[in-house]
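The same chain A turns up in both complexes below, where it pairs with chain B and then with chain C.
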Partner chain A sequence: MKKERKSRGLSLVLPLAAFLFVLGFSQNAHAYAWMLQHGYTACSTCHADPSGGELLTPYGRVTSDLILRMHYGAPAKDDPPPSPGVFWGAWEPPEPLLVSGSYRNLYVIRPNQPGHEVAFVPVMQADLYGQLRLGKFRLGGSLGLSKVTAGSANARAAQVTAGQGNELNLIARNYYAGYEFSSEFLLRAGRLNLPFGVRIPEHTAWVREATRTDRESDQQHGLALAYVGEHMRAEFMGIGGNFQLGPDQFRERGYSAYVEGIANSHLAAGISSKVTFAEVDRLTYEANTLRQAHGLTLRAAPFDNLSLLAEVDALFRTNADAGYVGFAQVNYEAIQGLHVLVTGEILDQGLAQSALVTSTGYGEPNLGGWLSLDWFFFKQLEFRTDLITRTTDKFTLIGQLHFYL
Partner chain B sequence: MSLNSKTRFVAIVLGGLGIALSAQAALSSAGPSTFEFRAIGPAGLTINGEGSGLVATEAGGIVTLVAPLTELKTGISLRDDHLKKALEVTAHPKATLAVERSKLTFPADNKEFDGSAVGQLTLHGVTKPTKFTYKVKRTGSDYHLQARLEIDITQFNIEVPCYLGVCVDKNVKVKTGFKLRDN
Partner chain C sequence: MYQLSPQRTPLAIATRRLVLTSAWLVSLSFVPATASASPSFPGAIEQYWEMACAPKCSICHTENPGTASTPDQPFADSLTGLRKDADLLAALDRLDPKRDVDGDGIPDQDELRADPPTDPNVPGSGSEAQVCVPRYGCGAARIAPEPPAQSPYPALALVGLVAAVLGRRLWTASSARSN
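So, the complex of A and B:
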């Protein structure tokens, strides 16, 4: 049902109030959140990126073997400890060198899309990651392959080669030079994941798409200072634009940042903020667009093996009403290595001033729900399936096989 | 001696007897106990662990807490093994904290007290004076205690545990909760 333009104030206040209610309600949580349940309140013990994701440290690789994946049978007393080496322990790089990689394929079933009911993407992701540490200095990056359909928004922004059709392209999502001032402070310059919101792997989740902060290809060039401490973690990035895109008028410039307070090993809450300006928006082609996203995040574990992740962001952009986006995800680890996830999401990007009537997602909320099964069935191997229903797309079933080095 | 004087005398004698009996009563554990520790690593790494079987006894005016170290748990078995190796629990299976009872304050019935004291902590075969804070609440003859201390493990000749380049801080926080009963 279409509605005429109206004040967006209430639309913004309601999800924020709901979020704050959840935050208040969760203050008495007593168990650990997902990886927090093992005392890992921050990400950089296991990942080279201080805010998490991609390149694993040897400690991270061993930790994933011990507590992430499913184990079969009772462990023998004299079992050797897991190897920190890559290729399932076949090679242990020298200490200053981190090497890792990730491969994903994708199966999609969309019965409501005639002609595209079933799709198989043999290579959704094929990336190699590395980092060399020279004293306090770090040099790192990723290199991968992508093959997406013509017109796809995915992968394009990370392309190194210029193909715009469905040919194979070389991509580089991240690369940087960094300096470690201390074990808490890391300064990096390069193409980096944007520090914003909850760093989830679901790059198509609306919180990541609407804020343009996914790790699929939304990285930008800039300078980022990260802090990771016992009770707080934060990262601020000045965005200079994505120099893998051109011409310059399409580049977004501004900042992206988050601060998360860690109350204890099972509760953390934060704020995120992002403001960028582009002469021409690369996706909507709107001129002189200022985009803003400001929001709150929550990570908590009210019970053993059950965690809650949530985020709500207010969205603002030039020539449009204010909007909002949010998600909440409950993750239940039924058996070590087998996760059942239930996710709810909401999106209203705000009605563009040029539009006369609202539509779903633009002046009217678009609602989504995910039911997911994530099975870390063997060392460095994962199978995940998601059943997704959204107001605008009633049924999508996807499956992914993922292995990481 | 007047009646009032006799009454006062009897009261003083009985009161003195009560004090003597109280002084002879010894504290010992009653009910369950908790024993937790927290080690901090780099980049936000927090290792929470726990033990069990904390026992308190009193003899000769010294209250002694004994914590078994052989069953410490951190949630990851490999980490537990590393911890036990660092503590050399085969050779040193227990940690003890001995405190003079006179250095502790025990409140009146249904009252609470927050304070600190110094005891002799024996860990890894090394004994050092160690300050701790405690909170105690009395209900009848039971004292409900929470004690906290921070230990610099290097002072006890324990090597800072490191694994795959990740080392924990030398200062480890310990928190205990237990109930003592005046027997």
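So, the complex of A and C:
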């Protein structure tokens, strides 16, 4: 009995200690739109966010144990059922409280970048998520740590603390107060993921970078109304700007919206639209820039172990020709828990009027291809590696170890 | 789709051992990162001239962010060899108030003190002369001043220890079942 209690305590304390110990540095998040191949069309069954990502529900945690990860042999008769608790089942929070978290590290190999051939980020992401449900009200958010180089485009926009250099900063990607009008409608105010396109974990994919809709740090403050129905899900967000950066001239304001029709448990198609204006663009420093992205998405699972994700968006911005961005990704689950992904992408952001000649990605298409291996090798543990080749960067190999609570 | 093995065969047990060992080795195979450049000069310049914002590194450097080898803009002609904020402030004290490196008739200092400030290297006030960079965060204090370079190894060792403990527990449970 004593030994059992000691062992249980150890299983709680050690993962907690590990997480807190490495919580010291950060960039990223996860949602698996390809869960469609298991018949999951809606995101809110497994995630607190109605459009998917980050904070897991107890059902989501059990589902990840049953059908996401690799199993090594059939379960024995006396095996306990998967636990919905966090820390590998060590703690089950009370029902109104959701708790989760995510840690990723990253290595990057780029032989074509002299001086930066090999890089290691010990903590690419270290976030804790939570949500408290009080009747029809919800309060939720994330808190993490980030340590990026000066001038980095990653993590900065989610900073809470004001270090502008390579010091450690506290970050909050999401936080909100919400009200459920019914089981279908949820209104939230706060800093939220932008509803746009296919919600994929690859935050450096061009469809997410060019539309500025990744979940790494592209969230904005605003008001969002989400609808999740049997045959349709949708979210419309009015964007008031990112108040975690300043001065005000750099804040983008407008809207972002996504509507997806669900034909059946293996086919869904959607429309996205986003329009924002900033006095000065925070990344390009262009003045009085109106940026627009409008596009289509497709999620399909023609076979039980194969899914297709695709998105194409038209891009418009002030003082530049129209552009476009798109991606298509085939995901083949060879063995439960082991995914082979092949991704193609294309990007042309349009030639700026001030530019004299076209260049790759600006007036000329930039092409990219990814070959990825995604291995959910143990309960709430994932190893992923991606070989990426692009017109502008011939060889990049990245790898990441990820665990989530 | 199929599962790897219908029974707890020696192969399945060996595979699980392999997985746990791999996780440990994958963690240990990573190498430490290199450090980056000092970022404090834009903030020091902002405070010195009470600017409306922190300026881009490119008022002094030909790259953004700047590095020690790139302070090659005309405005930085007399600001080279600076190692810390005090060096920079002393050099700014010595600058001629009438110095105008882009020859647009507006002294460099006045360009940086204007609201919005403009680039002393670029004539005019168009978008190409924009020097403000966004400031990130909610204005709270830093949670740590310039920490020393952090080694990932203690963290990885702890993660590995956790994996080993969990693996041992699984192994024990598996053995108990098979008995």
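By definition in this document, the second predicted complex is superposed on the first by the 367 of 405 C-alpha atoms of A that agree within 3 Å, B and C clash if a C-alpha of one lies under 4 Å from a C-alpha of the other, contacts with A are read in each partner's own complex, and residues count from 1 in each chain.
Note that a contact is a pair of C-beta atoms (placed from the backbone, for glycine too) under 8 Å apart; a residue touches a chain by one contact, two chains touch by 3 or more.
Quick caveat, the model's predicted, so the values are computed rather than measured.
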item: Simultaneous placement of chain C and chain B on chain A, clash or fit; value: fit
item: Chain B versus chain C as contact partner of A:Ser44, first or second or both or neither; value: first
item: Contacts of A:Gln249 with chain B and chain C, given as first, second, both or neither; value: second
item: Partner chain in contact with A:Gly163 - chain B first, chain C second, else both or neither; value: second
item: Partner chain(s) touched by A:Tyr59 [first = chain B, second = chain C, both, neither]; value: first
item: Chain A: partner with more touched residues, chain B or chain C; value: C
item: Shortest span in Å between Cα atoms of chain B and of chain C, once chain A is used as the common reference; value: 11
item: Contact residues common to both interfaces of chain A (with chain B and with chain C); value: none
item: Chain A - residues contacting chain B, complex; value: 37-45, 50, 57-59, 62-63, 66-67, 75, 81-82, 84, 95, 183-184, 228-230, 233, 262, 265
item: Residues of chain B that touch chain A when the two form their complex; value: 40-48, 74-78, 163-166
item: In the complex, chain A residues that touch chain C; value: 7, 10-11, 14-15, 17-18, 21-22, 24-25, 70-74, 76, 78-79, 88, 105, 107, 118-123, 147, 149-151, 156-157, 159-170, 243-247, 249-250, 280, 282, 285-287, 304-305, 333, 335-336, 354, 377-378, 381, 383, 399, 401
item: Partner chain A, residues of chain C touching it in the complex; value: 1-9, 12, 15-16, 19-20, 22-23, 26-27, 30-40, 42-43, 52-54, 56-57, 64-65, 116, 126-128, 130, 132, 134-147, 150, 152, 154-156, 158-159, 161-162, 165-166, 169, 177
